[in-house]
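This report concerns only the one structure given below.
Labels for the chains are A, B, C and D, by order of writing; each one numbers its residues from 1.
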Amino acid sequence: MDVEFQHISKHFGSVSALTDVSLTAHSGTIHGIIGENGAGKSTLMKILTGYQSKSSGTILIGGQDVKLDNPRQAARLGIGMLYQEPMDFPPLSVLENFSLGTPERKDQKLRLALLSLATRFGFHLDPDRCVGRLTVGERQQIELLRLIHCKTRILILDEPTTGISPAQKEVLFPALKRLAADGMTILLVSHKLEEVASLCDELTVLRHGRTTHHSAAPFYLPELLTAMFGAIPEQTDKIPKRSTGEPILVLEDVEAAGERLGLQQCNTIVTEGEVIGLAGLDGAGQSTFLRLAAGLTTPIEGTVKLFGENLPRTINASLQAQRLKTSFIPADRLEEALFAEISISDHFSLRRSGNTFWHSTKTSRRLTQEAIAQFSIKGQAEDAAGDLSGGNQQRLLLALLDPQSRLLLLENPTRGLDIRSGQWVWNYLRSELSPETTIIFSSPELDEILYYSDRILVFHDGDIVLDSAILNTSHDVIAAAMMGMQEQ
Amino acid sequence: SDEFIFGLLMVGPSNDHGWSQAHFEAGKEIEKHIPGSRMIYIDKVNPADRPGVTVPFLVDDLVSKGARLIIGNSDDMTDGIREAAMLHPDVKFIHISGDDALNPKSPENLSNLMGKMEYGQMIAGFAAAMTTTTGKIGYLGPLINDETKRLAAACFLGARYAWTSVLKKDPADLSFKVSWIGFWFNIPGVTSDPTQVAKNFFDSGADVVISGIDTTEALIVADQKKKEGAAVAAIPYDFQGSCNAAPNACLGVPYFNWVPGYTHFISKAIADSWKKEWLWLGPEWTDMNNSMTSSIGFQIGKALSGEIQAQLATFVKGLGDGSISLFSGPLNFQDKSVFLKKGEIATDMQIWNLPQLLEGMEGASQ
Amino acid sequence: MKNLSGAKLTERAAFDILLGSILVLGFTALILFITGAPVLAAFQNIWLGAFASTTKMSQVLSVWIPLILCACGLLYTFKVNLWNIGIEGQIIMGAIFAMAALRVPGIESPLLRLFLAFLTSLLGGGIWGLLAGLLKTRGGVHEIFGGLGLNFVAQGFVLWLIFGPWKRPGIASMSGTELLGRELWLSTPPGWRMATAGLIIAISVIIITWLLLEKSHLGLNLRAVGQNPRAALLYRISPENYYLQSISIAGACAGLAGFLQVTAVYHRLIPSISSGYGYLALLVVLLAGYRIMLLPFLALFFASLNVGAVQLPIVLQLDSSLSGVIQGCCVLCALFILGIRQRRRQS
Amino acid sequence: MIGDLSIPVLIASVLTASAPLIIIALGETLTEKSGVINLSLDGVVLFSAMAAFVIARQTDSLLLGFLAGGCAGMFTGLIVGYFSIYLHLTQVAVGFALSLLCRDLAYFLGNPYSRVQGPTLLATKLPFYDSLPNSLQVVLTQPPTVWIALLLIFLFYCFFSFSKAGLSLRSVGENPAASFARGLNPGRIQMTAVLAGAFLVGLGGAAYSLSLKPGWGRPQGAEGIGWIALALVIFGGWHPIRVALGAMLFAFLQVSGIGLQNLFPGVPAQVFQTAPFPLMIFTLVLMHFSTGNTRKQDYSENKTQGFAGKLFLSRAPKALGKNYKQE
C-alpha cells in the first residue's frame, strides 16, 4: 500500500521541524529518508505512526485520506514503527515486551511465535530474560519481530542498525528486501549513506525540515551529500600529537559493574598525550571504562590509578579525579551533564563555585558572553540549557571544560551531531587544547576512531579484546574483534 | 450589667456522652435556675484537637466576651488555668479535679471542685461483680494518676464486696484487670485504641467491662458483641445519659452531677462572697439521682437484672449510713505492702492520693 | 514566561489571585452552606478572631513566627527537591533539646540558660534533619517515609519523656512537663501574647535565608543538585553533601521553632509541641511557589486563619478545622491555576 | 502469649485490625503500579470514613454507607488524577495538599455526627461455627471486611501476574510513552487505576468508621493509617501479597502493644502506641539493604523469575511519580 505525504508541516512552539514536506513511498519498495541531525526525519515518521500530531497537511494511505491521531489508529492501518530511541519496557521480560500491543492473549502461542521469528532472522533471544539487560541492538530486534508478528504492512525503521552487528545485518537486510518483495512498504531512516544506498529503491533527503532531493537507485553519493549538507564537507588533516610516554591512568585487573556485563579483568596503561579510541558494540564496556577513569563508578575488584594516585571507592572518587584535572563529557548531555532549566550563564557560575562564597552575576555573565562568541553557541546567556540544540549543548559543554584539563574522557563526543559540527568539535579538541592533553573517547563510528585516535581499545562483552596502535591494525580486524572473533 | 456570663472550657467534645457533656448539661441547667446567668463555652480544649491554642488564650477570648467566671474541666488545664488566673485577677476560676486551692501560694481567684466518684465506682464495681458469670471484669482505665488509681481501686473494692460478702464466692476466682489507654479519650498514635482494648477484654473471657474513660467505646463494643450473641455488658462513666449510646448493653452508669458545685460557686461569685475553696462533693445518699443536691449519681441501666437492682439498693444504703465502708483494713497494696491495718479506716487524704493499686487487681500502677 | 513584559506579568498575577480567591471563597461558602452554617458570619468571625484586638493580632504573630521559621527551612530542602515531611519531628526535637538544656542544673544566669537552649535546639532539629537525610542517601528510604518515621519516633520520645523521666512531681499527664520558672519565659510586651525575641529571630532568619539562597553559591548549587544530581557531580558538587546540608539547615530552623514553642508559647514541653506547624509550613511554601518574597505574607494569612477560626466553635458552634479546609483549598486552587497556565503555554 | 493475649485472640484481632489497612494499601498499590503516586491517602481515609458513617446513619444502610465511602474516595481520586495526569502537576504536592484538606474537611463536616450511635458491621458466625473448636471460633468470627480483604489479595495477585489488562497497567507504569506507541492510552489507563485505587481506599476508610472503630469523632482513630498504607506499598515492593503481609505485621505490632503494656509496666502506654509506625518505616531500611542497593542492581536477573523470586524482588515502577506528557 502506498504512503503519500502531502504538504506536511510540524511546529514545536517556535521551532518548525517540518515545512511543506511531500513524498510518496510505493508499496513493495524500501524508501530511504536521510538528512543531517534535526532535519526532521524522526518527526515525519512519528507523524505517520500517529505518535506526534501534524500541524498541517494530509497523509494518504493506499490512495485515501486517513486520520492518524494516535498509534492505535495507525496500527489498525498496519503501520508500525521501530523507533530511533528504544520504545520498550526494560523491567519487563522479552516475552512481555513482545506481547504488549499484540491482540494475541495466549502466552504459549506468543512464545512460539517469538521463537520461530527469532530463528528466522538469526536473532538469539531468551523470552524470559529481562529486557533491561539486553543491548540496544537486541531490544530493536524484539521490536522488529513484534512489528512483523503484528502483520505490519507499512514498516518504518528509524536508525535500525545502531546496535546491530554486521553479521546480523547480513541476515536483516535480505530479510527486509524479502518483506518488501512480499508487498510491504518500508520506510528506512538512517545516517549511514552506504547502507541506505545499498538497500533502498528510492531516497528522499530532508534538510531543515524540507525535502531537498529525491531520486531512485542507483544513487550518486556526492549528490546526496550536497543535498544533505549544502556543500560536501572537507576533511581536516590530522594534527600529530606528542606523547611523553608517562603513564597517567593505570587500571590493574579491575572488575566493575555497569552496562550489561560491566568490565572483567581489565588491565591497561594510558600514557600522557595519547588519543585513545574505544570501540565496541554499545554496552560492551566502553562507557564503564570511561566512568571508571572519571571516578563515577568504583571498581568491585582491582585499583584505578590516576596520575599516580589510587581513586577511593566512594562517591568522592569523581571529585578527586576532577581535582587531578580529569574532565568527563558523557554522551547524554541533558541527562548527565547539563541542567535543563538553568541558564547558560549560571552554568558558568556553577563551574566557578567554591572560588568565592557570594556569586557575582556580572563575572559569569562576562565569561558567558565570551564563551558564546568563541564557541559560536546559538543561544543567549539567559537561555535555559535545555532549549539548546544537541549540537549547541555539546558546544556549551566544551566551553565549560577546564582548559587546564590533562585527561579528557569523551563518551561518543559527536553523538547527535552532523558531520560539520562533528568536525568542528574535533578541530577544537586537537588544536585548542595543549598537545600534552590525553584524550580517551568512545564512538560507534569506526571511521571516527580510525581517523582521530593514535591507539584503539576494542571491547567485547566486558573484555578488552584488542589493544593496538592505529597504524598496525585495520578496519576489518577491529570489526572482527568487536564481534568477539579473534583474528587468526 | 445584670447578666452574669460564665465561660466553660471543656477538654472533650460537648457531645461526648461523657465527662465533657456532663459539664455542658450542668451549665445549661445553671442557666435555667440561676436567673441572669449565661454560659459561653469552648469544647475540645486539648492540644490534639486545637494545636497551638493555649488555655490562657482561650480565657482571654472568653473574658473579652464578658465572662466573669471561668470553669476549666480538665486536670490537664492545671497550668493554663493557674496562668490565666494570674493574668486576670478580677475573674473567678473553677478548676475541676485539681488541688491548687490547697496550696497557700496559689491565686485567690482560683478554686477547685471535684466529686467523690469513688462511691459511684464502688457501685459500678458492685453491679459488675453481681452480673459477671465468668468472674472476669475488665477496667478500661485512662492515664495513670492518683485520681484514676483511686477510682479503679474503689471500683475493685465494690466488686470484691459483692463477690465475697454478697455472693459468698472465693476472692481468688474474681479477676479484676485494669488496662490503661494513656489518656481520657482516644488519641490515635498516642493512646491505645479503647475499642481494641475493650475487644481484647471480651475476647479474653471478661464479660463485664467498666469504663473509666470519658468516651463510650467500651459500651459500643459490648453492644456489638451482644448483637453477635455474646452475653456481655459494660458500664460507661461520667454522664447520666451515656447509657443511651447503647441501652441494651448498659448495666448502669456512675455519673457526675456538677449542678450543686456550680451553683455553690456561681452564686457566691454573683453575691461577691467568693473565697478560695477546695470542694470535694459526694452523693446525696437519700436520693442519689437528685439533680439539685447530689453531686454523684448512679443511673441504673436496662441490662441490670431486677434482683441485682434490689441488692444494689441495699448496698447503696449501706454505703450511705456507713455500715459498709470499703476503704477499711485490712487492705494491701499491689506489691503486698500494707495500706490499712485491720480495723483502720482510710482518711480522705489517704484516698485522695493513693500511691498504687490494691492487692487483687491486675494492671500497671505507674 | 521570560518573553512577557513586567506589566503583563503583574496583570496576569492579579488576575490569578482574583480567580484563586473566588474559587476558594466559593468552595468554602459551599461547604458552609451544606452544613447549614451562616456563611458571612463565619468569615466575619474568623476575621474578627484574628484582628479584633492587639492581643489577638499578637496571637496571630505568635503563630506566624514558628510558621515562617519552618517555611524558610523548607525552602532549602525544596531547592534540592527533597520533601522534608520530617519537619514536624524536627520541631519536636528542637523543643526537646531546648528543654534538656533548660534542665541542666548549676547554671545561674537565665540569659545564659536560654542562650544554651537556643543553641541546642538548633542542634536537635539539625540532627533530626540530618538523620532523615542519611536515611535517604545511605539507607535508600524516600525522605517522605524516613521523615514520617522520624516524626513518629520524636512523638514517641517526647511522650516517653513527659510520662517518664521528665514527668511532673505527683502525676504524669498529657499537659506536659512542669512549668518553667518565670525567669525562663521569653519576655512579651505588656498585653501581648508574643515574645519580641521570637519576632527578631524570625525576621533575621528570613533575611539570612534570602541572602544564602539568592546571593551565595550555596543557593545555586542546591538548585543544581535538585535539578540533576548526576550532572552536579561533574561540577565538583557532591549531591549527597548538599542533600544533607539542606535538610540539616531545615531541621535547624524547625528546631528554632521548637525552642520558641517551649520558651515563648507553652513555657513547658507538651506532647503536641509542634502544633502541626510543620505540615502547615509545607502548605505555605507550596502556595508561595517556593518564592521567599511571598512567604511572610502567606504565612501571616495562614496564621490569622488558624487563630481566627477558634471563634467558630465559640460563636457559631462550628468546628475550627474550617481554617484547614480553607488553607488546603488555597494550595489546590493555586496549583490548579498554575496547571491551566502551563497547559495554555504549551498549546 | 503476648502479655495477656492468648494466641487465638491475637490472631483474631490481627485479622480484624488489618482488613481495612489491607484494602487501602492494595488500592494504593494499584494506583502506583500505573505510575501515579496518590499521597492524599491519610486525609482520604478519614474523609471517606466520615462520609460512610454519615450516610450509613442517615439511610440506616451499611451498604449505602460503604458505597458512599468508596465514592468519596473516588472523588478525591478524580482530583489527584486530573491534576497529575491532565495538568501535569507534581503528584506529591497535589497529594499532600489534598490530604490535609480532606482531613480537615472530614472533621468539619463530620462535627455534628461526632460520637453518635450509627449502624455497625458485625462479625458474622460461619455456617459450621458450632462444629469448630473454641480457638478457631474466636479466630474465624470476623466481619465480612476480613474475607473481602483476603479475597482482594488473591484477585490482585492474579490480575498483576496473569492478566493482559494487568500487563498493560504495569507497562504504563514502567514507560507510558512506549505503551502509547504500542497503541495503549496511558492517560485513560492511569486515570482508571487512580479512580479504582481511590475507591478501594474509600472502602477501607468506610471499614474503619463502620466496622473496626465504629462511629465518627475527632479523633476518629484512623489517623496516620494513610501514611502507613503508603509505606506498606513500598515495604511490599509493589507486590500485593507482600503488601498484605506488611499490613498484617503492622496490625500485629499495634495489637501486641496493648498486651505488652502489662509486661513492661515501666513503659508508658503511649510509647507502645507510637512504636509500630517507626518500626514499619524502618523495616524499609532493612528491606533496602537486604534487597541490595537498588541503585546498583538495576534489573532482575533470570534467577528472580518465578513466584518466590518475584516475591522478594522489589522495584518501583520506572515512571512512578513522573508525569507523562503526550507529544
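One rule holds for everything that comes next: contacts are C-beta pairs under 8 Å (C-beta built on N, C-alpha and C of every residue); 3 or more make two chains touch, one makes a residue touch a chain.
All of these numbers come straight from a predicted model, not from anything done at the bench.
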Chain at maximum distance from chain B, centres defined as averaged CA atoms: A
Inter-chain centre distance, chain A versus chain B - centres from mean C-alpha coordinates, in Å: 78
Inter-centroid spacing, chain C versus chain B (mean Cα positions, whole Å): 38
Whole-Å separation of chain centres (CA-atom averages), chain A against chain D: 44
Gap in Å, rounded to a whole number, between the CA centres of chain D and chain C: 29
Contacts with two or more other chains, residues of chain B listed in rising order: 44, 48, 143, 183, 189-190
Shared interface positions of chain D, touching two or more other chains: 218, 224, 268, 270, 274, 277
Sites on chain C at which at least two other chains make contact: 152, 155, 159, 163, 172, 271
All chain pairs that touch each other: A-C, A-D, B-C, B-D, C-D
Chain D partner contacts - residues on chain A that touch it in the complex: 46, 49, 51-52, 70-72, 75, 81, 83, 87-93, 96, 99-101, 105, 126, 128-130, 132-133, 257
Contact footprint of chain B on chain D as seen in their complex: 4-6, 9, 12-13, 16-17, 114-117, 120, 122-123, 125, 138, 141, 212-215, 217-224, 254-255, 257-259, 261-262, 265, 268-270, 272-274, 277
Residue numbers on chain D that touch chain C, as the complex places them: 39, 79, 83, 87-89, 92-94, 96-98, 100-105, 107-109, 111-112, 218, 224, 227, 230-231, 234, 267-268, 270-271, 274-275, 277-278, 280-282, 284-285, 288-289, 293-295
In the complex with chain D, residue positions of chain B that touch it: 13, 15-17, 44, 48-49, 143, 177, 179-183, 186-193, 195-197, 199-200, 203-204, 215-216, 220, 224, 227-229, 245-246, 362-366
Touching residues on chain A, where the partner in the complex is chain C: 296, 315-316, 318-319, 322-323, 328, 330, 335-342, 346, 349-351, 353-354, 356-359, 382
